[in-house]
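Below, each structure is written out as C-alpha cells.
In the two complexes below, chain A is the common chain; its partner is chain B in one and chain C in the other.
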Partner chain A sequence: MQKKRLKRKSRIWSLVTTVPELTILILLIVGGYLIMAVFSRVEGTPVLSATSIWLIIVGSFLISTAIAILAVIGGIGGGVIFTPIMLGFTTLDSLVIRATGLVVAMFSGLISTGPFMRSKLANIRVVIYCGFPITVGAILGSVCAIRLHNALGVVGDGIVRLSLGLLMIIIAYFLFTGGGKTEYPEPKKIDALSAKLRLSGSYWEESLGKVVNYHLVRALPGGIMFIFLGFIAGFFGLGGGAFLTGTLNLVMMAPVKVAAACSGVLLAISNATAIWTYITYGALIAIFAAPWMLGQVVGGILGAHLLINIRAGFVRKVLIAILLVSCFKLVLKGIEEIFGINIPII
Partner chain B sequence: MAIIIISRASYSHGSMIAEKVAKELGYRCVSREVISLASQEYGVPEAWLKDAIETGPSLLDRFKYGKKKYIAYIRAALLEYAVQDNLVYHGLAGAFLLKGIPNILRVLVSATMEERVKEMMKRLNVSEKEARKAIERFDKERKKWAMFFHGRDPWDINEYDMGVVIGRLSVEDAVNKILDTVKLPSFQITNEIRKLLQDEYLAAKVKSDLMNFYSDVEVTADNGVVTVHLRRSLRQQEAITEDIREILMEMPGVKEVRINIIPVY
Partner chain C sequence: MKDESMKAPLAGIIYGEIVYWGLLAACVVVVIGSVLAFLGKNYVPVSYWISSIWQGKSVAEIWKGAVGALPNGHWYLSHLNTGDGLTALGISLGVFPVIPGLLLCGAELIKEREIFYGLLAIGCGLVVIIGLLGLVPAS
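Our next item is the complex of A and B:
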C-alpha cells in the first residue's frame, strides 16, 4: 500500500508529461504577464492604483483556478459558483460580472468538449438540435439583461439579484438531491419528431463491456425547455449545466453520461453566443475577464487529473453551502436595491 | 454444505446455540475470528474494528468514511470464511454483511428480557436495574448502527429466515429447529451460490483496498471481471481509470478492471 502511495505522488510530474498543453499554457500565462509587467505601463485610476490592478489580475487568476478545481471535483459548473458569489459579495457592475460569468462558464464547458467529442459520449446530432433553441434563448436572455439594465438601472440590478437568489435556491436543491437521474433511461415510445431527427446514437460503455444504444425522445418539449435554459444562461451569466444535463437525462431520456457530455458542449455554445451581446455593449472588460478565463482552463485540467481521490460528495456539499450563503446575500442585496433600503445584516 | 449466520441479541445464549449447531453439523464456528482476520489483513487494531461494528455512528462518523471502511474490511474477512463453505457465524451484523446472497440461513436469536437480564446478572454480577439498563442501551446502539449503515432495523424478523426466542424455546429446541431448517433445499450452497460468493469476496477485497484511496467506492465482480463504480465528474474519468488500474494491477484474482464513472451534476 505504501508503495502505491509513493507511486501516486509522482502524479504531478506525470501530468507535466502527459498533458503538455497545460505546461505550455502555464508558461505562456506567466510569460505573458511578465512581459506585460515589464513593457506595458499600468496606470492607476482615481479608484484603483496600479498595484491594486495587478493584485486583481493575479488574485482573479488564482481564485478562478481554485474555483475550477473545486468545480470539477464537485461536478458543478464554474459559472454557477462565480456569478452568485460576485453578484452577492462585490460591488462590481452587475453586467460586467454576468459577462465574465459567461466567460467562466463557457471555458469550463469548452475544455471538456474535445475529450467528450472524441470519446463519442457527446452526440453531435443532439448537440446541433439542442444548440439552436439554447442559442436563441441565450441571445434573448442577454438582450433582455442589457435592456433591463438600461431601463431600470439600480432597480433592474436589484431585480436580477433577487431573482437569481431565488433561482439559486432551486439550483442548490437540484444539485443537493442529484436531480433523480437514471443511468440508462428506457423510453417507452419514440415520438415522430425525435424519430425524424434521428436523435439516437451509441457509445462503448466500459463498465458493462458492451455498446449502449440510445434514442432520445420528447424533442419538442426538450427544445422548448432549452430556449428557457438558454435565456437563464444569457440573462444571469450562468452556465446552468446541471439543468441542461437534467433536461437531457430526465426529459429527453439520454443516458446520464451522454447527457453530461452533451451539456458540457451545449454550455460552451450557448455562452459563447450570449457573450457577444455583452461584448457589443462593452460589458466584457478583457483585463478582468482574461485571468478568470485562464484560471478556468488551468484549474479545469488540474481538477481533472489531480485530487481525484478527494470525496466529490463532500466538496459538492461545501460548494452547495457556499451557494446557499450567496443566495441569502443576493436576496438581501436585491431587496435593498429595489426598495432603496439598508438591511443591517452582514 | 451450508452457511448459517446467527445474529444474536446480547445475553441471548446466541453463541452457545451457534457452537452447538456447528458441533452437530461438523462445521467451523467463527465470531471474533473474523475481526482478528480483518485486523491481520488490513493492519488495523482489533479494537477499532470491534468499535466500528458494535457502536452506532457518532456525529463525526456521519461525515467521514472511517467506520464504513472498517466494516468493508470485516465483510471481506467474513466472506473469506464464507467461500470455504460449511460455516456457522455468530455475531452482531452477519445478516447485514452478507445481505443479498441467497441460500444462506439467517437466524435471529433473541431472548425474553427476563432471560437476558438473568443471564447478564449471572455473568457480570450486576443488579437487575443495571442489567436491564445496559441491555436496553446495547439494543438501542445496535439499531442505530444498522439503521445508519444498512437502513434496516436489526430487530425486524423480515430481515431473517427464522427467529428463535430463548425463554419461550429452550436452547436445545432452538438448536434442533435450526438443524431442521438448514436441511431444506432453500439453504443448500449450490455451485451457482459458490460462484456468487467468490465474486462477492473478490469485490469485497477490491473495495477494501480501494477505500484507502476512494472512500465512496462501490465494487461488483463477475468471474474475475471487476467493475468499480464511482460518482465523479466525467472529466476525471481518464485519470481515475488510470489510477485504479494501477492500484489493482497486481491483485490476485482480478482478470479485468472496468471503471464506471457515474456523472454528478
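Our next item is the complex of A and C:
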C-alpha cells in the first residue's frame, strides 16, 4: 500500500520536473479562478446569479479536464464525448455547442502534437498527405453547418442531431469492436501511387524491442476519404478520431500506433481549419469556451503522462455506454425537431 | 537497437514544437483575459454572455442583443483592452500556431528536397489561412 503511494508520489514528482510548464499553467489557472471568485465584479441576471456564473466557468474547466483525461485513457477524442451529450441533453444553441465542441476536440490533439512528432510515431509525410484533403473537407463542413443552421433553423438543428445520433452509433460500434484493427498490418501489394509518394516509415516498438518498418497503401481512396472525414469534423464539431485511426489502419494499412498518432495530429489540423469559420461568424463565445480550452490542455497533458496504468478497457466500455445513451437521446431530439412533435421519453 | 535513423525528422519537430509552445502561451493569455473579464471592463458583460447561452438563445440573438448584429470577422482585434476580447484573442492564438507551423514545416521539407510534401504542407497552411480570413462566406 505504502509502496503504491510512494510510486504515485514519485510519478507526480517526475511529472512536475519533466513537464514544469504544466505545473506553472495549473498554478496560473487555479490562481486565476480564485481571484475571479474573490474580486468578481460580475453582476447576476434574472436567469443566473453571479456565483452561478463563476460555478459554470469553474465547473466547465473541471469537466473538460475530466473529459480530456478519460478521452486519452479511452483512446478517443474529447469532442466525441462533449458534442453528443451537449446536443442531446441540453437546450444550448447547436452552433455554440459545435463551436465549443471543436475547442474540446482540437486542443487535446494540438497539445499532443509535439510529443507525437518527437517520438516519430506521427509520420510527417502521412500527416501532410492526409492533411491537405482533411483541411479542405473541414472548411467546407464548417461553412455548410452555418448555412444549414441559417437556412432551416430548428429543422436544420433536428437534421444535425438525428444524423449525428446515427453517426455516433457507427463510432460506438468502431470503439466496441476495435473495427477489426490489426496491430501491424502487412499489405500484400503496394500500389504505384503509394510507392511514388513514399508513404513509409519506421519506429521503435518498445514492446517488441525492435524497429517496425511499414508502408502505407491505397493513397488515392484514403485521400478521398479524408475529405469526407474533414467534412464531418467541421460540420458536427467533433474530431472523429476513431474514423481517422480506422481509415489509416484499415484502408491505408498503417500500424495501429502510427495510425493513432497521425490521427491525433490530423484531428488538430482539421479542427483548427474548421474553427475559424465559427470564430469569424461569432459562434465561438470566448468566455464560455475558455474553460473548456484550458481543461483540454491540462487534462491532455495529465492523461498522457500520469494515467498509463489505469484499465483502459473499463473506461472504454463506460465511454461507449455514454455514447449509446447520447445516440438514443440525439435521435429522439432530432425526430422531435424535424417533425415538431414531442416524444415523452427521458 | 535504437540508432540515429530513429531520430524524428526536423520538419515534424518544427511543426510540433511551434504548435505546443504556441498553445501554452495562448493558455496564459486566456487565463489573463478570463480574470480581467471578471474584474473589469468588457466588450459585452460576462453575465450577458453566460445567461444568454444558458437560456439557449441562438448565436444571432445573442449578438443582436449584445451589439446589434453578428460580428462577421475578428471582432476581438479592436477590443483587446477588454477581458472578453483578450480571452477571444487567446483562443485564436491557440489555434493560430498551426499556420506558421505548417508553413515552416513546408519550408524545411523543401530545403530537404521533399518538394512535393513541402508544397503540400504550404498548401495546407494556405487552406487554414483561407479559413482564418473567412474567405469562404458562411452566411
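Structure notes:
Criterion: the second predicted complex is superposed on the first by the 318 of 346 C-alpha atoms of A that agree within 3 Å, B and C clash if a C-alpha of one lies under 4 Å from a C-alpha of the other, contacts with A are read in each partner's own complex, and residues count from 1 in each chain.
Rule of thumb we're sticking to: a residue touches a chain if its C-beta (ideal position, glycine included) is under 8 Å from a C-beta of that chain, and two chains touch if they have at least 3 such contacts.
Predicted model, so just to flag it, every value in this text is computed and none were measured.
Once chain A of one complex is fitted onto chain A of the other, the partner contacts of A:E183 are limited to chain B, with no touch recorded for chain C. Shared-chain residue A:S263: touches chain B; no touch with chain C. Of the two partner chains, chain B is the only one that A:V72 touches; chain C does not reach it.
In the overlay built on the shared chain, the residue A:W276 is in contact with chain C alone; chain B does not reach it. Of the two partner chains, both chain B and chain C are touched by A:F116. Of the two partner chains, chain C is the only one touched by A:F39; chain B is not.
Look at A:V160: by the touch rule set out above, it reaches neither chain B nor chain C.
In the overlay built on the shared chain, the residue A:I56 is in contact with chain C alone; chain B does not reach it. In the superposition on chain A, A:A242 contacts chain B only, with no contact to chain C.
Of the two partners, chain B and chain C, it is C that touches more residues of chain A. In the superposition on the C-alpha atoms of chain A, the part of chain A touched by chain B in one complex and by chain C in the other spans residues 111, 115-116. Residue ranges on chain B touching chain A, taken from their complex, read 63, 65, 209, 212-216, 225, 227, 229, 231-236, 238-240, 243, 246-247, 258-265. Looking at the complex, you find that chain A touches chain B at residues 1, 4, 7-8, 72-75, 111-112, 115-116, 121, 175, 178-179, 181, 183, 205-209, 241-242, 245-246, 256-257, 259-261, 263-264, 300, 303-306, 308-309, 311-314, 316.
Residues 2, 5-9, 11-13, 15-17, 19-21, 23-24, 27-28, 30-35, 37-40, 45-51, 53-59, 62-63, 70-76, 84, 87-88, 90-92, 94-95, 97-98, 102, 105-106, 109, 114, 116-117, 120-121, 123-124, 127-128, 130-132, 134, 136-139 of chain C are the ones that touch chain A when the two sit in their complex. On the side of chain A, the complex with chain C involves touching residues 21, 25, 28-29, 32, 35-36, 39-45, 47-48, 50, 53-54, 56-57, 90-93, 95-96, 103, 106-107, 110-111, 113-120, 122, 124-125, 127-129, 131-132, 135-136, 138-140, 142-143, 146-147, 150, 197, 202-204, 211, 268-269, 272-277, 279-291, 293-294, 297.
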